[in-house]
Amino acid sequence: MSKKPLALVDPAPRTLDLIFSQEDLVRLESMVDTVVWKEGRMPDEEVEKHLGEATFLIGQTDLPRGRLERASRLKAVINVEGNFQPNVDYEHCFQRGIHVLGTGVVFGQAVAEMALGMALDLARGISEHDRLFRNGLETYGRPSNVGSFLLAGAEVGLIGFGNIGRALLPLLAPFGGRVRVYDPWLPERYLESCGLIPGSLEEVLGSSRVVFVLAGVTEENQGMLSAKSLGLMQDGACLVLISRAALADFDGLTEVLGKGSIRAAIDVFPEEPFTADHPLRRLDNVILSAHRAGSLMPVYKLMGEMVADDIGQMLRGLPPVRLQRAERETVSRMRSKPVEKS
Amino acid sequence: MSKKPLALVDPAPRTLDLIFSQEDLVRLESMVDTVVWKEGRMPDEEVEKHLGEATFLIGQTDLPRGRLERASRLKAVINVEGNFQPNVDYEHCFQRGIHVLGTGVVFGQAVAEMALGMALDLARGISEHDRLFRNGLETYGRPSNVGSFLLAGAEVGLIGFGNIGRALLPLLAPFGGRVRVYDPWLPERYLESCGLIPGSLEEVLGSSRVVFVLAGVTEENQGMLSAKSLGLMQDGACLVLISRAALADFDGLTEVLGKGSIRAAIDVFPEEPFTADHPLRRLDNVILSAHRAGSLMPVYKLMGEMVADDIGQMLRGLPPVRLQRAERETVSRMRSKPVEKS
Amino acid sequence: MSKKPLALVDPAPRTLDLIFSQEDLVRLESMVDTVVWKEGRMPDEEVEKHLGEATFLIGQTDLPRGRLERASRLKAVINVEGNFQPNVDYEHCFQRGIHVLGTGVVFGQAVAEMALGMALDLARGISEHDRLFRNGLETYGRPSNVGSFLLAGAEVGLIGFGNIGRALLPLLAPFGGRVRVYDPWLPERYLESCGLIPGSLEEVLGSSRVVFVLAGVTEENQGMLSAKSLGLMQDGACLVLISRAALADFDGLTEVLGKGSIRAAIDVFPEEPFTADHPLRRLDNVILSAHRAGSLMPVYKLMGEMVADDIGQMLRGLPPVRLQRAERETVSRMRSKPVEKS
Amino acid sequence: MSKKPLALVDPAPRTLDLIFSQEDLVRLESMVDTVVWKEGRMPDEEVEKHLGEATFLIGQTDLPRGRLERASRLKAVINVEGNFQPNVDYEHCFQRGIHVLGTGVVFGQAVAEMALGMALDLARGISEHDRLFRNGLETYGRPSNVGSFLLAGAEVGLIGFGNIGRALLPLLAPFGGRVRVYDPWLPERYLESCGLIPGSLEEVLGSSRVVFVLAGVTEENQGMLSAKSLGLMQDGACLVLISRAALADFDGLTEVLGKGSIRAAIDVFPEEPFTADHPLRRLDNVILSAHRAGSLMPVYKLMGEMVADDIGQMLRGLPPVRLQRAERETVSRMRSKPVEKS
């Protein structure tokens, strides 16, 4: 009886059932034997017990060099949390040709749709005027639309052009406006080849009617959305802060929004739950969303689909094509905080 | 000195300044002499005084047969309110070859963008969760997204495929879902040639995750969104009522929404202002908007641009191409109420 | 027994079987009784015999005022040849509210596909190098591509923006180049609202890498593609002459092409068959096509589909939506020659 | 004075001037010092002399393990020919974290445009009827279009979904037909997520009106387009063979084409120049093209742009983003022949 390869599954803070549909779970189990830890992190003892046999590790298990050296059959480490954390000796993986894969790409479409919804809401005052209506304070027609604008033809800015930007771009295309991008990790000519206009942070902030903040956190970009840089935004411009809170200096952001000249939708906060009595909770030019943009059920299930697809690829001697690979150059420069619970 | 043709301008409830940018006004006045009435409807005396000389009538002036017969030079009647009303002898216009033109087409993009924003809001709970957040009652991440869904791949339904539908279609295209349409005024093969699936009202309501109500009011379709027909909608489906309130039986709509199985965004109401203490004002599964979808400044200015363009066309002996023509067959079957003020 | 309305069918140079699929013919006959003339034009006697009863006339029958006055039930005259000819008293039709409809729109997609195919052929030398290969004279790889260019990003020009232009525009969109248009019958702002750059004939010819000639013939534009205007084209630019031969002065065109600095694909000729020993037949920088761009079987069948759809509309008291209406202002200014045989 | 990093440039069969525009060459030289070999392969002596200092190797130099071990500073090997050949110890590169990059991606757009042009030509008989016209044998209009069909709505098949397929897909999108793909190196759900229908070779051949052959050669797929498999194609279907000749058994292909039921455009041949008196050269249902699809000047210049961009990325400590990386799993399974001259 031929044994199947082994996959260690240590998915906390996710669970196997969260990220796999029944169909994909059956598919996974037809390809590999699994050792699954269901509650919290897999204990060291359990990890060590199976490590030598494991072909795949699905999860966020600590993988220092010593441990990796004992995992002699390992083909891939598959992060299902969304961010690469410094608890893995990535360099050793790269040398060994162990694929280091992440599922962050699954969030692109969901976050992009939320970002577009927020932009349309800010442009038209949907949630603000809904609140007024509920309080019997609505104004009908034209006088209610003093600050409203069309997205069609509006100049758009992206801060960061990764998975979310790539998913957002086709949604923005039918509106026909020019799209400027600030992404210091990508060459200008590459951005141009995507139909985008490369620009500095200042240019993007200063020339866009809607600015989407879509970057991951790095050593360099923490707090770059400050009172000063946000002060460059046009009167009535809209900020959609939807990737990582640490990109903004929240005191500065609060100060600028308090003056009322720009509007913002915010999905991510420096601490979650956000301060109970924070002044942002009372501003009419703000839409607040409690880290809701990516955490949808179909998004989690897409993780499992991609994991099963790429395990299938690797078992057939082919490269993974759906999950994202950690990059030797940048994996250690990412500074996003881990998700505490899924 | 050669005299320019005369345009009578009687735009109430709009004003000339509302619908013309400075640039388009200059353009208009380079082509025609104008007699403009600034406040309310042009008095009969004034109309009669200039009628015999008028080549164009821009506005909603009463034009019974007798008056039209006296307007022997008239080339076009241009409605700038948005709906053709029964105060014009359209049949006489058609016989004379007087163009009867309307500016309803200007609202397409603005209403379509609002409709998409509302659909994304309903799909993701943007305004509902913003309210919770303001009250310190927000839930973070996945548990807050129980009813959330992606627009990508979702089945969409359109009730009515006119100007708004035509503007909405490209905005929906990147989401890739199938689009079903109920429009009894259009042939099935025509809808298919637009990439749409024709269906009955019942099919559209029963099979769509998001239903956009985009039709004008006719004798036949008043109140067709009743408790019974809305009862066909799937659990968690979303209704965007954005063209005309009279398409819905509001008691039935309120009843169905009160049960909570579907969600709705409503921009139009049977009377505006809407009843102060109406139960719809208190439902969490509803977004309320006070007839705000089309009444944006850039939309009004587009009216003037189109009027000037088509007057230019007619003066060069060419057919108008931007404004919409009243149709002999249907102009008398439209039942939308006139706008009271712009 | 209730009688169906009568349709006189006098389709020469087409035939009923050419333009109707079996399915659409069944559909037509379920709505109307037909009197069909199968070979050549319906004789006057036959026309007169049925005229008083006819609700629809499908074909190119002579309809002077007297005859139209006897056709008291007539709702629509439907030209199935493609061009409105001066054998109908159009003014009388407009006064009576008789729809004057044409099927020219059916050719849009077929001609647009051919035009794109020809443009790609000219840009890459497909047919020229195929001829060389057949003669054993082929050159491999790069040296064969001296004059080749990519359509991606290339400046494109359209002369005329009607049915063909509207069908071609989405095919050109993924190539991403700017599209300039010369069409004196359309307002500049309208062209801009379609994403186009309006320009003079000289600007379009002078700034485009590929120029598509898509206009109908009018009194004003005959022969406007002359040695002089074509001389404005850039070295290596490509002309696709696909709508009407009369737009070009063929002597001038031949002279310019003979110099070899531009390339051309030609589907229409001043007389067909084209002069047997004409020098254009020997030029390597030319693609010759014998009026083949629109005359495909699926295109003819689309005529019948549209005719049946719009007869259905009119019988339900609705306006026709698929066929194109003759315009009072322009129907008498068109100068395209009738088709001699389909 | 700080020294710049060194790039060894050994680009034969390309030349530095072929693949770099003046602008990109200046950019390259602002970042690195270069040792360039201009004529043929760089001699071993020259390679060895600079190897120890080289940070980048641009070209197809032999790189066995010993040599790579001496190249202690090497960050990237950049193939500018288009195919990864077995003259490099790729495994050693992967272990060392030396990027192995290829420029094959530059050909995508050019080959896709040619493929579309060929498909439109086959569908409409452009080059065949141009030949007839030159010989005075043209037929006008409908009788000439017996086998012609529209691409709009036609079922399309792709064999292989790599760079060319990715470039072709947006060009096909406006035609609206379903696209089936056979690519055994990609998971079905991935293809579906791209809007494609995955299928077997037999399904793709049997159900498509146009089949585009876009795959690279591997051990498994040589000769898979045989008389037998091509026999599955529908009457009148079209084959565009544009990636690699070795995918087809040319005897079988010739046999099938000789029967006349399918049509083909062929850009690649088992030996080039192709046999002088080969029967394919005489078939009317064939378009012949002498390996011309990718070898355009703007394509070569794009190589240099991408090389300069990615060298810039690597020198800033960022991953390359424009060139394609060799895959550990597949680099040794590719069997495409090297280009002999550019």
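Each chain gets a letter, A, B, C and D, in the order it is written, and its residues are counted from 1.
What we mean here is this: a residue touches a chain if its C-beta (ideal position, glycine included) is under 8 Å from a C-beta of that chain, and two chains touch if they have at least 3 such contacts.
The structure presented is a predicted model; accordingly, all values stated were derived computationally and were not measured.
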Maximum centroid distance from chain A, chain identifier (CA atoms): C
Inter-centroid spacing, chain D versus chain C (mean Cα positions, whole Å): 38
Whole-Å separation of chain centres (CA-atom averages), chain B against chain D: 51
Whole-Å gap separating chain B and chain C, where each centre is the average of the chain's CA atoms: 34
Touching two or more other chains - residues of chain B: none
Overall pattern in which the protein chains touch one another (line/ring/star/complete/other): ring
Chain C contact footprint on chain D (complex, rising order): 109-110, 113-114, 116-118, 120-121, 123-127, 129-134, 136, 138-142, 144-145, 148-152, 170-171, 173-175, 272-274, 276, 281-282, 287-292, 295-300, 341-342
Interfacial residue positions of chain C with respect to chain B in the complex: 94-97, 185-187, 189-190, 305, 309-310, 312-314, 317-319, 321-322, 327-330
